[in-house]
Each structure stands twice: as C-alpha cells, then as structure tokens.
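Naming follows writing order (A, B and C), and every chain is counted from residue 1.
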Amino acid sequence: MITFEGVTKRYPDGTVALDDVSLECPTGRITVFVGTSGGGKTTALRTINRMVEPTGGRVLIDGRDVLERKSSELRRGIGYVIQHAGLFPHRTIEDNIATVPYLLRWNRKKARDTAHELMERVGLEPGMAKRYPFQLSGGQQQRVGVARALAADPPIMLMDEPFSAVDPVVRHELQEEFLRLQAELHKTIVFVTHDIDEAIKLGDRIAVFRTGGRLVQVASPEDILARPADDFVAGFIGHDRGIRRLSFIPATDAPLTERSVLAADAPVADARAAGDEWTLVIDADRRPLGWASAEVLPASGTVGDARLAPIGHTFDIEGDSVRAALDAAILSPSGRAVGVDGAGRLVGVADQADLSATITAAVAAEAAEAEAVSAGAAAGAAADGADPKDAGSGDRPAAGADGGGG
Amino acid sequence: MEIDWGWIGEHVPDLTDRGVIHLRLSLLPVVFGLVISLPLGVLCRRFGWLYPPTLTIANVLYAIPSLALYMVFIQYTGVNASTVMIPLTLYSLSVLVPNVVDGLGSVPDPVRQAATAMGFGTLRRLVQVELPIAVPVVIAGVRVASVSSISLVSVGQLIGQGGLGYDIIRGFQLDFPTQILAGSLLIIVLALVVDAILVLVQRLLTPWARARGRTA
Amino acid sequence: MNDLWNQIELVSEWLSASAQWHGDDGIPHRLLQHLHYSGLSLLFAALIGLAFGLLVGHTGRGGFLVASLANIARAVPTIGLILLVVTVAGLGVTPVLVALTALAIPPILVNTFEGIRGVDADAKDAAQGMGMTGWGVLWRVEAPMALPLILLGLRTAAIQIVATATIAAYPGLGGLGRYIVDGLARNDYELVIGGTVVVVVLAVVVQLVFALLRRLVVSRGLLGSSRPS
C-alpha cells in the first residue's frame, strides 16, 4: 500500500505542483492518476520513488516513509515505465531488460535468463534479445520498457503515460496485454495518463487531479462516471459519460430471446409464419450465419438458401458489457444484437428496446444504492476514497469491454 | 612544375621518420586535449554557468595564430616538442569541449530519467549511461581535432619542430617544389588515414549508433 | 611573475616607440596589409562558398561530395599550400590570395550546406504549402534559419585567414607576420613578442566582430534555442 499523507510540493519560485494530497494506492491494484496537464499527476507519481521530494507531508510505502530509505535502493525496488520507454540506446534488448538485476549484482546468467523469460512474457520474439533499441518499433520498445521495469520483480510499478506515444491500434494491444499481465502478477501499480478512456479501462481506482496540484476525487471508475465530485470532474470525463457508464453494466443483465431465430435447414414457411421482418439464421452448432430479410426469402426451400446479410459484430454475454450489446444492436441490420457464449454459439437476441429497459433498471438500482451509502456514511469521505465498492472491483468488466471495436 | 620522382624514391626512409615524428607531435596533443575536455565537459554540463566562459576562452585561444602562440611558449619552454604540443592541445579544446558537452546533451531526457528511476547514482549514470551514449559525438570531435592538428603541426617547423613541415620549409628554401609537394601530400594522407581509423574505431565502439549514420 | 612583468614592459615600450606608428614597417601599414590580404580572400571565399553551399543545401544533391571535399581540405597544411603556390608561381599578392581563398572556402561551404540542410522540414513544407517558389523558400525561410551556422562558417574562415596571413610573411610578403618572421631571423625578441601581441589583439577583435554581427543579423527567434558558440 502506498499512502500519501498531506503531500505538498512547492517550488522555490512559488508554484505549487502538489497541494495537500492525501490518498491510498491499495496493494495489488491499479491506481490511475488522471487530470489536465500541470495538474501534478506526474509530480505525485515521482514522489513515490523520490524523483521528487515533497516539501510537506509524507509518502509511505507499507507504512514506511520513502525518505527514510536510500534513494537508489528504494528505486531498484520500484519498476518505472515512461512515455518514450527511455531505453538505453547503447545496450541490447536483453541487457536493457537486465539493467536492474545487474545493478543488484545478480550473476550474469541469471540476469539474462530473467530477461529472456520476461521477453516472452511481454510478447517479444526471443530473436530480438541481441538487437538494439533503434531496430524496434515504438510498440516493441514500450514492451521492452515494461519488461525492464519488471526485471527485478518489484512489488510496485510506476507508469507515466507509458502508452501515450504509440498509435491507437498498438495502444489498444498494449493495454490488453497490460491487464492480462496484471491479472497474473498483481503488482501495486500507479499509472499516470491524461486520457480518461484509458483511466476508465485500466484503473481499479481513479484519482482525478486538477490544475494547481489538487486532488479532486478518488473513486472507482463506475463511481467517477456515475457521481463526478464537481463540475471539473464532470467536464473532464466528458459529456458522453452516460454512454461510458454502460461499460460497467454486464451484458448478462440483458434480456435475451429466441424470437425469429431459425436453423438454416428450416423451411421458408416457418420464417413467414413468424411474421418478422428479419430472421436470424444459425447453423447446426447454433453459430449465427446471418440475417435473412423477409424480402429476400426464396419462394420455397430453406431459410439457408436466402442471401444473408452479415451479422456485423456479436457480443459475448460473459465478458462484454451492455455498451457492447447496444453497439452491436445499433450496427446490426435488424436493429437486434446477437449474444453468443465464449465458443461463439448463440445464446439469444436482444433488441434496442430490451437493452434500454435494462439500462434504466440498472441506473435506478445504482442510484438507490448510492443514496443508501450517503445516508449511512456521515459526510466528507467521498473525495478521500472510502469507496464501498472498492473491495469488489473484481466485478469490473473484463478487458475488451468496448466490444469488437479493436 | 616538374616532379622529381628520383628524389622521392631516395628519401622514403627520411620521409617515413619525419612522418612518425609528425604523428607523435600532432596526435599526443589531441589525447591530452581529450583528457582535459572530458572532465571539463562534464563540469560544464553539470554547472551550466561554466560553459559560456569556458567556450569563449577556448574560442579566443583558437583564434590566436599558431605562429604567434608558438612564440609565446618559446619564452617558457624553450624550443622543443612541447613548444608545439602545448598550443596544439589548447587548440583541440575549442573542438573537443563543445563536443563533449553536446555529446552528453545528446542523451535523451527519458533515458536519463529512466536510469535515475532504476536506481543509478550520479557517477554510475555518467559512466555507464551518459558517456557511452556521448561517444559518437565525442569521436566526431576527435576526428576534426586530429585532422586539424596534423595539418597545423607543419607551421611548427618555423621554430624547428614540424615533422613533415621540414620538407615544406626545406623545399621552399631550396626552391624545390617536389619536396614541398611530397611533404604536403604525405600530411594530407596521414590525416585521412587517421580519420579513417577513427571512423572504424567508432563503428566498433558503437554498433548501436549505426542507424543514425544511415538516417543522418 | 618577474618574467611576465619584463615582457609586458618590453611590449609596451615597443608599442609606444614612435617608429612603430609610421612608415612602411609601422603597425598601421602592416595592419592594413594584413587586412587587405585577409579581407579580399574572405570576400572571394564567401562568394564561392555561399553560392555552392546554398545550391547544394537547397537541392540536397552533392552533399556527400561537399563533406568529403571539406574533410580533405581540412587536412591540407596551410603553410605547404602557400609555399608551394609561391614557389611555383613566384612571390606576389595574387598567389597568396589564391591560397588563402582556397583554405577559407571549405568552412563556409560546409556550414552553409549543413545550415540549409538542417532547416526544419516542416518549415520548408509549410512555406511551399503557402505557395512560395523555390527561390522564395531559399531566401525567406532556409537562408535566415541557416544564418547562425553560416555566420559560424564565416567566422571560422575569417579566423583561419587572419592566422594564416601571418605565415604569408615567411615567403616575403607584408602583413603583421613580418614582425614575427623578421624578429625570428634577427633574433630580435622584442620584435617577435610585439608582433605576436598585435596579431592576438586582431584575432580577438575578429571574434568580437562576429559575435556582434550574430546579435545584429540573426533573428532573435533563432538565438533563443541555439547554444552560444
């Protein structure tokens, strides 16, 4: 656990980079610092490994003031990843990754073996070990940066806009893998970004910083979206925060029906009998094949003979959110979303009206819960992050909540 | 202008001897210059206020004609090799100090930050990270300093210390262009060979920097 | 220390003697000769070096040739070139001017070329995008942005010329080098050190002139980012 106790950083010229910041970054979780530039989020991050020393207050790691420890030793126990990776251009990839093990005087073989293991772990070809950073793409360099930070297996990782300098497709990939890695490693991570989407996607908890180094809200992503502490936070998360909230309502809540679903070998007459404009055609394994419009149904034979319109994308009822389901419905020719299981087999179909009813119910339930909480808790704790749902943030939607977008 | 090939053929051993002396006279100052420039450059980088005055002094020294500087040093050293080598060392500073400073400045900020964050102390960071990354820029400076020094040494012959400069002066005194030409061309060849060797050294020392050469 | 004081005394005596300020061997005359050789050579070298530097830098063709040429030129021993020219062509101002000009072209050429080539591609792109012609880009964008480096090249060339012009006294021409060469030949130490002081002062003045020029000519928008040199 990393604890900020009234941390202030005031520079000799009078500018205040951090203004009385207090928060906790729980062990094994991802805490995201987000905010406008000049908001002090990077400064806050750097007080943890003493790259910046506060002028007031304390930063504690597991109860111990970081200033009590020798800075170089402290830093060797904290992984650090930055925007442009900061790889050493004069060292090979494996030696870059083994930097901290070398500093800790591991023997060379053990350090290199660790480096090779980590390369595999972050998805780098073993053949890259002897290459130099300039021979790698930006995304690959960033992977090396992550591997290097993990090399001595530090319990804490500090990440300062690590994915900001790569293109959106690569960023998406890196984010996914980052979440996958974290699911295995359970590091205590502090992650700085200016991108609210990234914060919502990656964070177990989000701390919003505002110009002047003030911390305005600490809460789970759901809570930030549902109940921004003030206008600044509301403005920062944007006007489409309503839509974003749908990412936190699991798709399992959506009502699914089997209305107008027919196997490919069903006679055309069955489709006409149902009287729907669109019929979903599935194969013998219940895999969706496509939509058949009433207009293209042949006069006789099976529905499978019709020229089918493509499904677009489906949603996974286990992993995806209502947001993905709604997106699938909007893009579908029939206006209905096709829900499948992990193996791609049809579970059911939901139309936009059904989904909308689910959303209304979920939001109402959440509001009722919030009211109960605020009635129970006396006052003031909101910004300080005594978040009742925090312990259960495992029910955060799994990676890929955005559906098939990528 | 007639070239007397016979003279050249007869004097290969003499020319070789003077070529060796020439290299020693011109390259030792570059080595001394580097020994001075490295700590000086590190200091200038660390204490920024030090750099402008250091650079100004080095530039003013460079602007002083070599003949004049040799004269100044004769008063202190008498006429010997150091009369020529001390001024050449001073000249080399005007190239080497800025290149050491720029070389250290060429270390990308994220790299320096990453090193600090991984627990490198100041000295270790300098030796293991910053200086190695500065090598290409420093060697570029060493190349310029070496070539200039090799060509400049010949003026030292006016006070009797010039390596192959001997052939230039002697050829002039005897009105014998062949000897002037032989001395001058040998000096050019020596300079280019030394330059090529330094390029090779840089390739070997910095395999990681090859991409820059390609894009630059 | 005593030694140094003696020297200073010697020099000031030499400088204050009225003979140094009149006639063919006086300082004003020698200085004018020196400036005459140096100024003309610098002018020729600048005309040639700038023209080719701008051309090569702007078109981007021939860069490798320029770099290799400059490398070889830097290796040419100045005294060898001057004495060879004088030996072959006879003593005179013209051969010395040719040699000095040849020595001064490379630094001007290379710095101009590097300066133009180093101009931010985005700035050139924007200039073209706004409808500037090739000449427009060269005069309004590339040349002003390359000016700090071009001035640096001119300064290096000027310093080399002023220094090398001293050597022109050896084969028998005038200029400030006369004092040093004659003093050496006659074992007249006073003359040598007096001449040296004048040459050093001139070298420092040249430095100052270029520092001033840089302030006056280069856009302040460019000076901010470049380090003092």
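Convention: contacts are C-beta pairs under 8 Å (C-beta built on N, C-alpha and C of every residue); 3 or more make two chains touch, one makes a residue touch a chain.
These numbers come from a predicted model, not from an experiment.
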item	value
Chain centroid nearest the full-protein CA centroid	B
Per Cα centroids, the chain farthest from subunit B	A
Inter-chain centre distance, subunit B versus subunit C - centres from mean C-alpha coordinates, in Å	20
Euclidean distance of C-alpha centroids - subunit A vs subunit C, Å	63
Subunit A-subunit B separation of Cα centroids, rounded to whole Å	56
Residues within subunit B bordering two or more other chains	none
Set of subunit C residues in contact with two or more other chains	none
Complex contact set, residues of subunit B against subunit A	108, 110-121, 129, 132-133, 135, 206-209, 211-212
List of subunit A residues in touch with subunit B within their complex	49, 51, 71-76, 78, 80, 82-91, 99-100, 103, 132-135, 145, 148, 158
Residue numbers on subunit C that touch subunit B, as the complex places them	3, 7, 71-72, 74-81, 83-84, 86-88, 159, 162-164, 166-167, 170-171, 177, 180-181, 184, 192-193, 195-196, 199-200, 203-204, 206-207, 227-229
Residue ranges of subunit B in contact with subunit C within the complex	1, 51-52, 55, 59-60, 62-68, 71-72, 75, 98, 144, 147-148, 150-152, 154-155, 157-159, 164-165, 168-169, 171-172, 175-177, 180-181, 183-184, 187-188, 191-192, 195
